[in-house]
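Same chain, two partners: chain A is paired with chain B first, then with chain C.
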Partner chain A sequence: MAVAEKIDTPLLDELEKGPWPSFVTEIKKARQTSPMCDDLLGQLELSYREKIGHWKHGGIVGVLGYGGGVIGRYSDVPEKFPRVAHFHTMRINQPAGWFYTSDALRTLCDIWERHGSGLTNMHGSTGDIIFLGTRTEELEPCFQELTANGFDLGGSGSSMRTPSACVGPARCEWACYDTLKLCYDLTMTYQDELHRPPFPYKFKIKCAGCPNDCVASIARADLSIIGTWKDDIQQDDDAVAAYAAEGVNIQKDVVDRCPTRCMEWDGAKLTINNRECVRCMHCINVMPKALRPGKERGATILIGAKAPIVQGALLSSVLIPFVPEEELEETVKELINRVWEFWDEHGMNRERIGELIQRVGMANFLDAIGLEPVPEMVSAPRDNPYIFFRTDEEQA
Partner chain B sequence: MPVPIEEIAEEMYKMVVECEGKRNLKASDLTKAMIAKYGEENCSKEDCKKALRQLMDSGRTVYSYFGGSYVTLPKKEGAAPD
Partner chain C sequence: MSAQPAKRITDIGPPHYEKFLPPIIKKNYGKWLYHERIAPGVFVHVAESGDRVWTVRAGSPRLLSVQTLRQIAALADKYSGGHLRFTSRNNVEFLLDNPDNIEPLKRELQEMGFPVGGTNNAISNVVHTQGWVHCHSAATDASGIVKCVMDALYDHFTSESLPAKLRVALACCLNMCGAVHCSDIAILGVHRRPPKIHHDALRKMCEVPTLIASCPTGAIRPATVDGRQSVEVIEAQCMYCGNCYTVCPAMPLNNPDTDGLSIWVGGKVSNARTAPKFSKLAIPFLPNNPPRWPEVVDAVVNIVNVYAANARKYERMGEWIERIGWPRFFELTGIPFTRYHIDDFKHAGLTYARSTHIRM
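And now, the complex of A and B:
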């Protein structure tokens, strides 16, 4: 076991105070087995002191044949902190829904202690298992061990990023389709796009089983597949009454919070106008024993979300309001092929699909991928009053 | 007549060599250039994908990342310490 060299970190130590988990505490624990962690703390302390980042990012680092999964990182002060002169990140494709056995977790950690710093991030914002900090010469051996144990690298750069899914029907009764199966199928179908970057920029796919959207697909994914239902909310009146008897204020906490005001409560009976329901899930979340998603289940497919990087954040727009579960995989793949074709042809360097749609206009985009505009694509009525109807021309 | 994958790979490699140090090429730049050169009936996107894979698997070219992913010649990483 390595004897950790003590580096004073007064600024980082501040981040250990308070009741919250601290990444500084965790890195300090890892010093006992990983000498890299000492230099990591030292460089981080220097960055806090000087208010300057000391990592150089990018370049040519990877495993043979792959263009994704490794994010190159070097220290710009290697003479001071030689043990983190290389500190590359590896992204490992997570299992759908993030289900692991203890053995799998132990295997991953053992591999990473042999080939890297031992520090992990479970998980990154796209969903991958993140291995933090290794040297260039350790990348191939680490990759070989990972593949020998059934793991593979995830996406990075201008590739399809590792698809992710919520726990879906494995643990959640609200799942309106099998998110785990779809996520796995898409991952296997698009291996080439995942490992060999073909696009103008990144492309993220996230599968959420219901409108609660536990994977935040509507805010993060270029293609969001969000479970929903077409028929009426399933309602158990006795269970509603039981909630009321237990003290739930159904008028205040359920009816008044419905975004479309589609429910009424007369003190004994809850009436839902399902035609006005926008599937926000609020009432179901408040009274899970009384209300359930309908029986005719499937998903809404949306496009164009992204977090702010080159440009500002975007939320997804509806592309297909409802696809029955049994047609979902085929529809998603057909749609992906059309969207990629258009993006490949017209996308500028580092332009996400949502930005491209903003640039060319949704109408042109829909026309190009062969979809008819439908009312469900409209997120809100237009509030610009300057609309001129050319009634003469229309009548002519 | 379909162009052999090896020939497409060779042409792609020449293009990468010519552009080295002048312009970063994306996979799609190479694909579009090959289709323009040979015509879509003789050189499909799928053929270009196979040719690129051949170049990568042989190590003649590598993927690099400079804000986006590019196809470049292998070289010592500029940011790497000596």
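And now, the complex of A and C:
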């Protein structure tokens, strides 16, 4: 068999210039072991020349018994680039916090070299390990090798997505609950929802250990679990003084930046009115040796974030202001069950939970899931007088 | 005699994370006291036990070959006891229990072409989507633009010289798989023409009621074309979101002549100081100009430079703009304000100026 001709890629070669590491170099490296990468480069060069993508729309492919985890992808110019005629993606559950051993990483590499293009994303936007590009007949053998080695597929379509977590207590003093444990527990509890699409649309859960929200849960998760604390900020006055001595301008950089102006600095001592603190993290971020989250830790649970599709982007909003860490897992699971039941009953096709809440109103949603309204749920009470009074309350 | 077929394993989930934690992390799990910055891309965490773990962070192109992953694994074997992790922004982190390994590891990473940095007041790695490498609805490529933008912003990754952290993200269409809508700077691929309807394919591939319901503005309605059931698009109502294409492959809206990019600024997800906020429109349209996208790169660099020169310490992009006001942002950056900057979707009025607080 003739050696495949090297495809000329003058436009893509421009992307091997400059200091930032190049994805084109990566694709070229993978062609050492995968001829698919030659055709991928060829098709991509064509896209760069014509300014248009050359992948067809979807296609239902997958592994036996699962309804998600594989994104079907076919070239629209297979006659030119037959080796990427199929180029399906496999999504694989990442370990919580994205920790690996070098052996685990090499195992994944070996499996993917045998069954696909040898190209990956570490990681996809939702957090999964992404295996980029394989043929339909390789999906099932690849899946079987993955599970034999302790890995499993992530979600796609109308299924739950692999939950993700920040580094949490593994390497962060600010983790207000065990993000890795909760992320893992939820992933294991909802394997069925992850692998067999049961919902009107996708459902994402992200576990952030503190209000810095390093996993962007408030912007990207239908259910955002963000660590916080209830008692006073732990304060080390000597360490505050040491920061001041090192040149930190406590007044300007800490006190004046506090959103509630709940602290005072007299040049020697920092006084925090903890009752006014909104746990924004700024002072702690500036002086991590001197200030730490309190000891009574837990999380705020928020609901409804999403990207624009379909009815516009949403940020998550507060559902439960504080859940103590020891009650978190049970509370979250109970809440998820009630939320899914409501969504299942009332959600329209491709309607995310946040959009459903917008459509029916937060108050009706709260009634349905059995939560009492509290002022922490709103930035302000309504400013319009069009209130749907309930007739059963007129007697009161 | 045939071999017993192996039992098919399913629904096992990911490996338990504890299997992958370095010993020093396991020992001090949940017992970290504080951390300190050492250098760009390097910080140390100190535990209650007195143990220290040094983290070295390097940027990656996200799209990684197995060959490069094996190189990364070899570095972990050599310097961090065979352990490593990735961050939510596609950086790779090595966790060292011996600080003598920091400099040699940094050297090897740099020799591999992987920049060390992305910490504190730096521009961290870009969160982005697949683009022409793998997506059917992309208005532009993703990895290519990210490469060009990060080439230009490289020094901001390897140093910590900005007023605050700066998060750049890119999504190649309005589906926003990258959920870029709360970034300091978001680069977003846009379509600008309604979908083209392939009536023959539509009949075979698409469910008309689902298709009609998919449109957020009600711009799609049933129509009879050549005596058969199909749909039509009221073009004046179409804002090119691509929902219809997502549910119906016969409604493509990719168009090489009119697709391009938009730039959004001032979003954040952290609760530090101010509440999380959406990115707002800065530039409605820039041409799609591969392979180096000079217009996009120039626009992003300009915004970064103006921000760096004008924002106060600890002010994120959005906080700076809120302090100085949007008119001044447009004045300082030289970006023209147009009719496209005024919202006309749901709740549009919320962004209209409803006071006389105007800087003259």
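Just so we're on the same page, the second predicted complex is superposed on the first by the 371 of 396 C-alpha atoms of A that agree within 3 Å, B and C clash if a C-alpha of one lies under 4 Å from a C-alpha of the other, contacts with A are read in each partner's own complex, and residues count from 1 in each chain.
Operating definition for what follows: a contact is a pair of C-beta atoms (placed from the backbone, for glycine too) under 8 Å apart; a residue touches a chain by one contact, two chains touch by 3 or more.
What you see is a predicted model; the values in this text were computed from it and never measured.
**Student:** Answer with first, second, both or neither: which of chain B and chain C does A:32 touch in the superposed model?
**Tutor:** The answer is second: A:32 touches chain C but not chain B.
**Student:** For A:199, select first, second, both or neither according to whether it touches chain B, chain C, the two together, or no partner.
**Tutor:** First partner only, chain B.
**Student:** Please work out whether A:109 is in contact with chain B alone, chain C alone, both, or neither, and reply first, second, both or neither.
**Tutor:** Only chain C is touched by A:109; chain B is not.
**Student:** I'd like to know which partner A:317 touches here: chain B for first, chain C for second, both or neither.
**Tutor:** A:317 contacts neither chain B nor chain C.
**Student:** In the overlaid three-chain picture, which partner chain does A:96 touch, first (chain B) or second (chain C), both, or neither?
**Tutor:** The second partner, chain C, only.
**Student:** Between chain B (first) and chain C (second), which does A:179 come into contact with in this model arrangement: first, second, both, or neither?
**Tutor:** In the superposition, A:179 contacts neither chain B nor chain C.
**Student:** Looking at A:134 after the superposition, I want to know if it touches chain B, chain C, both of them or none. Which is it: first, second, both, neither?
**Tutor:** Neither chain B nor chain C is touched by A:134.
**Student:** Look at A:66 in the shared chain and tell me whether it touches chain B only, chain C only, both, or neither; answer first, second, both or neither.
**Tutor:** Both partners.
**Student:** Please report the chain A residues shared by its interface with chain B and its interface with chain C.
**Tutor:** 56, 58, 64-66, 192, 349-350
**Student:** Quick one: which bits of chain A touch chain B in the complex? Just the residue numbers, please.
**Tutor:** Residues 56, 58-62, 64-68, 71-72, 74-75, 78, 85-86, 136, 156-159, 192, 196-201, 344, 349-350 of chain A touch chain B in their complex.
**Student:** Spell out the residues on chain C that touch chain A in their complex, using ranges where they run on.
**Tutor:** The touching residues are 6, 8-17, 19-21, 25, 29-30, 32-36, 45, 53, 55, 59-70, 72-74, 76-77, 82-88, 90, 92, 95, 113-115, 127-129, 131-138, 140-141, 143-144, 147-148, 150-151, 154, 157, 171, 174-179, 181-182, 210, 213-214, 216, 241-243, 245-247, 249, 252, 254-256, 259, 267, 269-274, 276, 278, 288, 290-292, 313-314, 345-346.
**Student:** Can you list the residues on chain A that touch chain C in the complex?
**Tutor:** Of all residues in chain A, those touching chain C are 11-12, 14-15, 17-27, 29-30, 32-33, 40, 44, 47-48, 50-58, 64-66, 73, 87, 89, 92-106, 108-110, 112-113, 118-123, 125, 127, 132-133, 144, 147-148, 150-152, 162, 164, 166-167, 169-173, 175, 178, 180, 184, 187-188, 191-192, 195, 211-220, 226, 253, 257-259, 279-282, 285-286, 288-289, 292, 306-313, 315, 348-350.
**Student:** For chain B, which residues are in contact with chain A within the complex?
**Tutor:** Residues 26-28, 31, 49, 52-53, 56-57, 59, 62-69, 72, 74-75, 77-81.
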